[in-house]
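The structure's right below; bear with me while I get my questions together.
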Amino acid sequence: MSTALAPSRAAPLAAPAGFLRMFSGFRVLLPFAALVVLWWTIKIAAGISDEVLVSPATAFAAFVRLVDTGVLAEYAGTSLRMIGACAVFSLAVGVPIGFAVGVNRYAARSCEGFLRFLQGVSGIAWLPLVIIWLGLSYKTTLAVVIYTLIVPIVFNTMIGVRTIPENYVLALRSLGAGRLRLATDVYLPGALPSIVVGLRLGMGYGWRALIAAEMLVHSGGLGDLIFSARTFNQIDRIIVGMIVIGCLYIIVDRLIVQPIENLTIARWGVLRK
Amino acid sequence: MADPMSSSDKIVVSGFRHFFTTADGDVQATDKVDLTIRSGEFVTLVGPSGCGKTTLLKAIAGFIRPTEGTIHCDGKLVQGPGRERGVVFQELAILPWRTVRRNIGHGLEIAGVSRAERDKTVRRLIELTGLTGFEERYPHELSGGMRQRVAVARTWAADPDVILMDEPFAAVDAMTRLTLQEELARLCAATRKTVFFITHSVDEAVFLGDRLLVMTRRPGRIKAEIAVPGRASGRDWESFTADPEMQGIAERVLKMVREERGAALPSGAPARPVGALA
Amino acid sequence: MSAVAPSASSARLRLDRVAWMLLPAAPFVAVLAAWAAYWQIVRPPAATLPSILAVVQVVGDIAGDGRLGANVLASLWRLLLGASLGILTGVVAGFATGLYRGISEFLSPLVIFFNAISGIVWLPLMIGWLGIGTALAVFVIWNTVFFIVFQNTVLGVQLVPEVLEQGVRALGAGRFETLRSVTLPGALPYILSGIRSGLGFGWRALIAAELVGAPSGLGQMIFAAGDYHRSDIIIAGCLIIGVIAIAMDRWILYPIEQRTVQRWGLITDAEKEGV
């Protein structure tokens, strides 16, 4: 009743506002519409058989079928649950490790090269070995994706801690702050922007590693969906799967991770290196 | 809050000499320094760039351990930073992720002061430092001068025994600097703190200090000590520039500092502009 | 600045410097030590975890009979092909797009979407078109590298301050001259950053593609080894993959960082990241 008189104190939610702005209207859908038209034209004009490329209509029909039968929800759910669990675990374990390593100059120096090396080997390369250890199951996928996610998180947390200006720490110590205070009032907030960057990167690498692992481990998930569809030449399913993979990644990145990043920038003023 | 004007020595530096170790050998930062800061005093230390005054301040603050000599605060040996020795840095000191209000109250928060008490003190300091209206702003929304006001307010709010100020206004533009100096003078008059203030601006040192120390160039030692009559209260730049005694002191000190720099003074030096850096 | 004769503490400092140089080796040494200890105590079957010695031996074996060399070359060759194509097309397309705001805004959602599915997500579809082999791997790499380089190029071109371009135009420079002398150098740090980033992603995508289906290459080598439970070959392969990734980054990274450091003050997307 009195809502009209109540001062609007609601802080703008970065997520919906940005999301709406990005996804509303013509500007975003038009290029995709153009792409679909191009797709259709090429298929018809070049006379491509359904074995090689299906038409947008066929693909859409497959999409509807997959949704109706609940198959899409199941496979997509598996992938999302996996990436979500891995992200939570990697943050919970990786951030403290990154802190522990970051606060000490020598530890940071010794771990930097090692972390880069682990990144270079990439979780997927270890897959054959993990398969030997854990078999062809979700456990293997879990291990590989956690590995992929945790490395950039530890690395960036480490960097975040190291780039905190010394004055902040000294100033707080001259105010009587002990270790715990420094951790909660300086190190954690100070490193937060870097941690978020690490999360964002990790999600990028992790999502790709997840799809690849699912292809090989073959026990659920969108990677499994599109790879198995290949065996039966179900091009329509492959295309639907690819589109869903892309859309889900964008949704997770823009709706969840980016808003966190923006919130951090808004408070801190600047995203530091 | 105000310390009674006692003759107790707050800070005693004796035989302080500091060396920095580099791979090519030791570099001497300061020569032998003995100094005493008494309760309620505003002591300024002026010297050319690189003379070691920041090193001295860092040692008093407890950020570095003296290579030689000892530093005592209230009779206790200084072995590290502590809340009895507050520090105001030149820049990058207040936390960017806290509002002005929360930054100022930070020391009290750490000390476990109750919310109500905290708010009271913070409000008072916001008034005293002219930050009214900016309580909920974040540092990145403030100018350099405002940020330094917050830094000063934060240290004052924590009520340390001694306040160490490391060229706090050096990174601020010239006009704001003059304003901040006047504000600091008023703040000190209202709160009676013990302050140790280092700078390379002669005018700033004379304007603010009760007692002024001059440091030689690197490796620095205290070359001269000058008492500046009259308390900092009520000092403003207009009266300061009009006061012949003050100007005389400033010229003397400037000459001493210039000697250290090696610059020869022309005979019959013309009047210097206000706020001139040594 | 008066320096006194080197003291005991400065000698200690020089020792510190040596230690500083050696520190990065510490975690590797720790892992090797843990590995050796575990192997000694538990004596796991070779298929689960071979001894360090076994891995070293197998490296010698596959290097000796040429398998390692052949596979490394096969992978690197694919990377070179795919990355060059990706860089070339990415820069050209990026320039063409970046110069016209209307086009870049129109294409932006598409690029974001295709970047999200870049790399191995195309594998199932492309196997049908290209079969299993080098062409497939090259496509995957091209795909990965192209979108990263493209995005960075567009960003770089758009971020060149207009005032610089206008200044040169005012001196009488034509369209092409402006592009050559202002836009290209101005966008270069971003382009180089995109190349570095793209190569990293590309190498990873390549290994993944080879794992899934390729007749040769490092990825294929470790995948086949997995079938035969040859953990020694897998580990050896992984380590070599890692070494190549580091070596590539170092030998491309440093020249790139030199270039970007010269143009002080530019913070690219890739520089915001740590890894």
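To keep things simple, chains are lettered A, B and C as they appear, and every chain counts its residues starting from 1.
In this text, a residue touches a chain if its C-beta (ideal position, glycine included) is under 8 Å from a C-beta of that chain, and two chains touch if they have at least 3 such contacts.
What you see is a predicted model, and the numbers here were worked out from it, not measured in a lab.
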>> Please classify the inter-chain touch graph. Allowed labels: line, ring, star, complete, other.
In response: complete
>> Applying the document's contact definition, name the chain pair with more C-beta pairs in contact, A-B or A-C.
In response: A-C
> How far is the middle of chain B from the middle of chain C, if each middle is the mean of its Cα atoms, in Å?
Replying inline: 51
> Where the CA atoms of chain A average out and where those of chain B average out, how many Å apart are those spots?
Replying inline: 49
> Distance-wise, how many Å sit between the C-alpha centres of chain A and chain C, to the nearest whole number?
Replying inline: 19
>> Two or more other chains touching the same residue: where does that happen in chain A?
In response: none
>> For the complex, give me every residue of chain A touching chain B.
In response: 165, 167-168, 170-177, 181, 185-186, 189-190, 192, 267-270
> For chain B, which residues are in contact with chain A within the complex?
Replying inline: 61-63, 80-83, 85-87, 89, 91-97, 106-107, 110-111, 138-141, 151, 154-155, 158, 160
> If you look only at chain C, which of its residues touch chain B in the complex?
Replying inline: 1-7, 9-10, 12-14, 17
>> Could you list, by residue number, the parts of chain A that touch chain C in their complex?
In response: 27-28, 30-32, 35, 51-52, 106, 109-122, 124-129, 131-133, 151-152, 155-156, 158-159, 194, 197-198, 201, 205, 208-209, 211-212, 215-216, 226-227, 229-230, 233, 235, 238-239, 241-243, 245-247, 249-250, 253, 271, 273
> What residues of chain B sit close enough to touch chain C in their complex?
Replying inline: 19, 21-28, 218-219
